[in-house]
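Look at the two complexes coming up: subunit A is in both, with subunit B in one and subunit C in the other.
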Partner chain A sequence: MRNSESSKQVLLEVRNLQAGYEVKKGFVGAVDDVSFCLHKGEFLGIAGESGCGKSTLAFAIMNLLRDNARIRSGEIDFQGRLVSALSGEGFNKIRWVNLSMVFQSAMNALNPVLKVGEQLCDAIHAHRSISAQKAKERAQQMLQLVDIGPERYDSYPHQLSGGMKQRVMIAMALVLEPQLVIMDEPTTALDVVVQRTIIEKIQELQQQLDFSVIFITHDLSLLVEISDRLAIMYAGKIIEEGPAQDVFSHPLHPYTHGLMNAFPSLSGPIRRMGGIEGKPPDLLDPPKGCRFFPRCSQVMDRCANTYPPEILFEGDHRVACHLYQGKGDIQNG
Partner chain B sequence: MADRFILELEQVSKHFPVRSFRRFGQVVHAMDDVSFRLKEGEVLALVGESGSGKTTTASIIARLYPQTSGKFVFEGKEIDPGRSGKRNLAYRKKVQMIFQDPFSSLNPTHTIFQILSRPYVIHGDAAGKKGLRSRVQVLLESVGLEPPAQFIDKFPHELSGGQRQRVNIARTFSVEPLVILADEPTSMLDVSIRMSIMNMMLEYRETRNVSTVYITHDLAGARYMSDRIAVMYAGMIMEIGPTEHVIGQAFHPYTKLLRSAAPAPEKGLKRQKLVTHGDIPSLIDPPSGCRFHPRCPFKMEECSKRIPDWKEVDAGHFARCFL
Partner chain C sequence: MLGDLWKLFLENKKALAGLLILLFFVGVALFAPWIAPYDPRGNKLVDQEVLEESRGRKQTVERTQLDEFTEERIYDQTFTTRTKETTVKFPLKSPPTSKHLLGTTHSGQDIFSQVVWGTRVSLSVGLVTGLFTTLVALTLALSAGYFGGRVDEVISLFTNVFLVIPSLPLMIVIAAYITVRGVVPIILILGLTSWPWPTRLLRSQVLSLKNRDFVRVAASLGEKPGFIIFREILPNMISLVMASFFQSTMAAIIGEATLEFIGLGNVSVVSWGTLLYWAQTNGALLSGAWWWFLPPGICIALIGTSFALMNFAIDEISNPKLRKR
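Coming up: the complex of A and B.
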């Protein structure tokens, strides 16, 4: 395991981030008071259901929130710089050079009327002033890195399979050798075998090029396997975070328990599993206390009224739940 | 054994003509030489990647279109391939399909009452408007949409994905079918609701002894739901047998590949690397011999020459492989 040591450098720090969407009826707090830390070379998995704010979080970090979406408060530090304070133009200088993103559906993210090679070159030319020949060489080299032959440089997106398009997206994200790559459900629309080859490719490239990854998906069983650390999001909040194996073998939050119980396994005895009844709250008007309390099987009186404080356990495993009040290894105010 | 078979497919194939000028006269081999027998009360899972012919198989059974060749027997009687038309009401009442996408399989301009009363009207057992309403209410309760009064006059867009899929399932249950064809009923739902939908189908099976063909790409979900598994690849069944056997003692290299590609968090972090290359073959011009041979790590000379015969690996567990 490539676990984070305390000596490791912090690459990205998000502090009390609030982001969401301005609508007629008010503000949809898709990301509410989210804080976390990402170290250099680390693979952080963020899991949650649709509408829990995981994509909004990714777009907020990339400074890509547009139209009615905005960051309301909070700070984002990247490589020791307060990037959330940067202007649009200021951020353009670091986007893709230092941090890049693989979008959810490669089918829509690639331009259908441009050859994939040209699209890769566009990304290079936007940030580096090098000759067309050099850019082309670099693009072909990147395609090779994701196991796509250089002859595909002249292919249009529609001529590639779904898995190949997704690999082109990964090549595109890595073309300027960023230190952080955010991957928003990069394998969701793909078949299991293709998904597995892409994951293996990402892991291989990560070891080779030493970048950090934030991997967002709803597929918890996959995340546990590939991440160093795991954060579980529910209704705009991170409700549990810790080393992946820890969260998997000792889930603390009832929601995490429920999620773990929602994936049948391929080995061991078959047991009836429960899933979680009910549905996530409306983010326009979220519950006052813990956001999970209407669906929680272990709900207490105070859950409805006060949001639980974060409780820290050994091994940097934190949870926001009243069940653990006074039980943490390290008390924090 | 005294098993009674409700549905029997014998070497059923479905070829679609290619509608392209350049490839005029060619066909897509969506389903080739598919044979299986579905026992009464059994859940058979069809597992495979997209393009493996799972949905085509379900559509053939639902008589959405006729097969190109092969025999298709239902309740001991052969069903004429020509009779796929809309007139075949009696058959439709017995065989029902749950579709994958809960967002597009409900008419957006109809209320839930209109949607769920249609089967009763079509199949001619409507008991007057008032009786109809109470029947729909009972139906809604049976799929966990309670209280029914809260849902009955709503439109599909007012419901969440999980609730819509419940309406879909209620529509299937309404005519009390003998066979349910479930085409990836949970793949578009959120993880936390997936299990409750799967459990609901299992409970219904237990109380009604209904036979189910459960289509999925998720091997773990198939294990949870089914008694037997048939693994499909490029339009053909590669391996079929009791669920625990097929997963625990997978014989066909493709089943093994699927098994190793599935996420398995309990295994810990480091795992064997996948041994595969290439993509799913073109179904217009499928590979000669075994369709998996271009990607198979155990490829032999024979594999490209002819299609392997069925081989009984264990009791009731068959695989189509020369190994």
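Coming up: the complex of A and C.
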């Protein structure tokens, strides 16, 4: 728990964000009424199954939604500035300078015909007017920072391993020293050993350079280890959020319970893995009440009709579930 | 960076072979007047030798005394030149001899000289048309593929309409109506009918590249469209662009030969196509006069080989993964 004191400065605040995809049949609310706060230097993990809106949330924050995707309502504050109201041009000025992103697949995020060093230089030159020599030095310095020798400046992407490519992408995200880096499943395509070194590298860099991270993955066990705070998303909503250890050891929401039961622990007795019955709802037409009620083991009558209010527990641990009505430490309906 | 690529190109054996063949033909085209032994249209050699020049007597016609010191006279004088003119008529339909390396045509023109001069027309028609086609196709493809939406719809509509028009019949129809002499109409006809196919080909590649993650990264970095198109997208499709350039150049050379061969070009122009036309109309194929119809064909095939070789090499060079190390 490095940075969970609430006295910390707020870096990013998302309020009632609704974003999704305009399709013929209507609006797919991939992100529905999501609010959360990210403090300076904090490592926030967002977990959830495929299609729960994690990536849409990331792209919405980065103002990178494309084609039929759009933000319907809600506000995003970054460094005290209402960035969701910025124009495309205006956002271009802060994207990558103040907040950057590591994309899902490093294999495709590097241009195959350009040397990796040149691509880092392009990123620098996109926002800073410095000499080519200076940019090259900076690029080599960044490569070194992610444990890639500066002689790799002249390598083409195919000459690097998957892990190296992902580290180049991390260097690219950090090259302009942003305050926030959003990582959208940066380790999904890598094997566990490489995954581990990358995660360690990210943590090391975070301590060194003091930026905040939003780490998006479906790999909950990984998140528990590395995050300060953990948010669990289900069907476009954040259903539980709190300090990572808290969420891990005392999961409140039945869905979080289910998730924690679904992965094996390395120590402890061997047991049959529990899953969660059913499948996530259709986001075109989500259930009226709690999104999880059709699959919930502790379903009550009101779950089907009213969306549960958010209940705040001690240590900034909040959950949206009818089970805890009246049991919270602070009620914020 | 371009210097590096050029070096890689020269280090590649295939590329070097292809380039040498092309340079050979370009050299032949440029130095045609010095290489060709005879005038490609003449059928005889005329030699004049002055034997004697005689000057007639001066005869005063008019005389004026202007003043005390000045006098004006007007003369008549005749010059006679005796000249010896030797005319050597070339043999008609002669097989190759030491004087005529590739024999002569039905009207006695030297075929070797015609092949040499023909290189000039055929090659320039091919290269100009190829360049024109590729530039048009690339511009349309990049705009349609990158900007999408309305731009894409309009460009694709025109491309599709032109694509279904059969090009050879259209070429024939246009050629029949154009009255301008020379090769310019042929270039225009070939250029007009050859752009839709490469446009479609390149457009689909631009579309595919535009949706790759690295283009997305570049866009999220706030790079301008020009930068994304020319630095991120274009370098990834160089081999395709060059392939379509070679292909359209080749198609233009063959198209020119075709138009001339069926007599729709200008038969007074000396090109590989007209060579084949005259060979055909005079029964060179029937009489087995291989020296007449084979050389232009071989030249066309050699140019094709050269392009194919360079294309292989460009494929290898423009894609770092295929580069030999």
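Convention: the second predicted complex is superposed on the first by the 332 of 333 C-alpha atoms of A that agree within 3 Å, B and C clash if a C-alpha of one lies under 4 Å from a C-alpha of the other, contacts with A are read in each partner's own complex, and residues count from 1 in each chain.
Going forward, contacts are C-beta pairs under 8 Å (C-beta built on N, C-alpha and C of every residue); 3 or more make two chains touch, one makes a residue touch a chain.
Everything quoted here is computed from the prediction, not taken from an experiment.
On the superposed subunit A, the positions of subunit B and subunit C stay apart, so the two partners fit side by side. Using the contact criterion defined above for the overlaid structures, shared-chain residue A:G242 touches neither subunit B nor subunit C, since it reaches no partner. Using the contact criterion defined above for the overlaid structures, shared-chain residue A:F103 touches subunit C, although it does not reach subunit B. Taking the C-alpha centre of subunit A as the apex, the lines running to the C-alpha centres of subunit B and subunit C meet at 80 degrees, rounded to a multiple of 10. Contacts of A:V192 after superposition: subunit B is touched, whereas subunit C is not reached. For subunit A, the partner that touches more of its residues is B, with subunit B and subunit C as the two candidates. In the superposed model, A:L64 makes contact with subunit C only, not with subunit B. Looking at the shared chain after the overlay, A:N111 reaches subunit C, while subunit B stays out of its contact range. In the superposition on chain A, A:G29 makes contact with neither subunit B nor subunit C.
Within the superposed three-chain model, A:G289 lies out of touch with both subunit B and subunit C [touch as defined at top].
Put simply, subunit B and subunit C get as close as 9 Å, counting only Cα atoms, in the superposed view. No residue of subunit A touches both subunit B in one complex and subunit C in the other. The touching residues of subunit C, counted against subunit A in their complex, run 212-214, 216-218, 220-223, 231-232, 235-236, 238, 318-321.
Residues of subunit B that touch subunit A in their complex: 49-50, 160, 162, 190-196, 199, 217-221, 223-224, 247-248, 257-269, 271, 273-274, 276, 279. Contact residues of subunit A toward subunit C in the complex are 62, 64, 92-93, 95-96, 101, 103-105, 108-114, 119, 122-123, 126-127, 156, 158-159, 172. Touching subunit B in their complex are the following residues of subunit A: 1, 49-50, 161, 163, 191-197, 200, 218-222, 224-226, 245, 248, 258-259, 261-268, 270, 272-277, 279.
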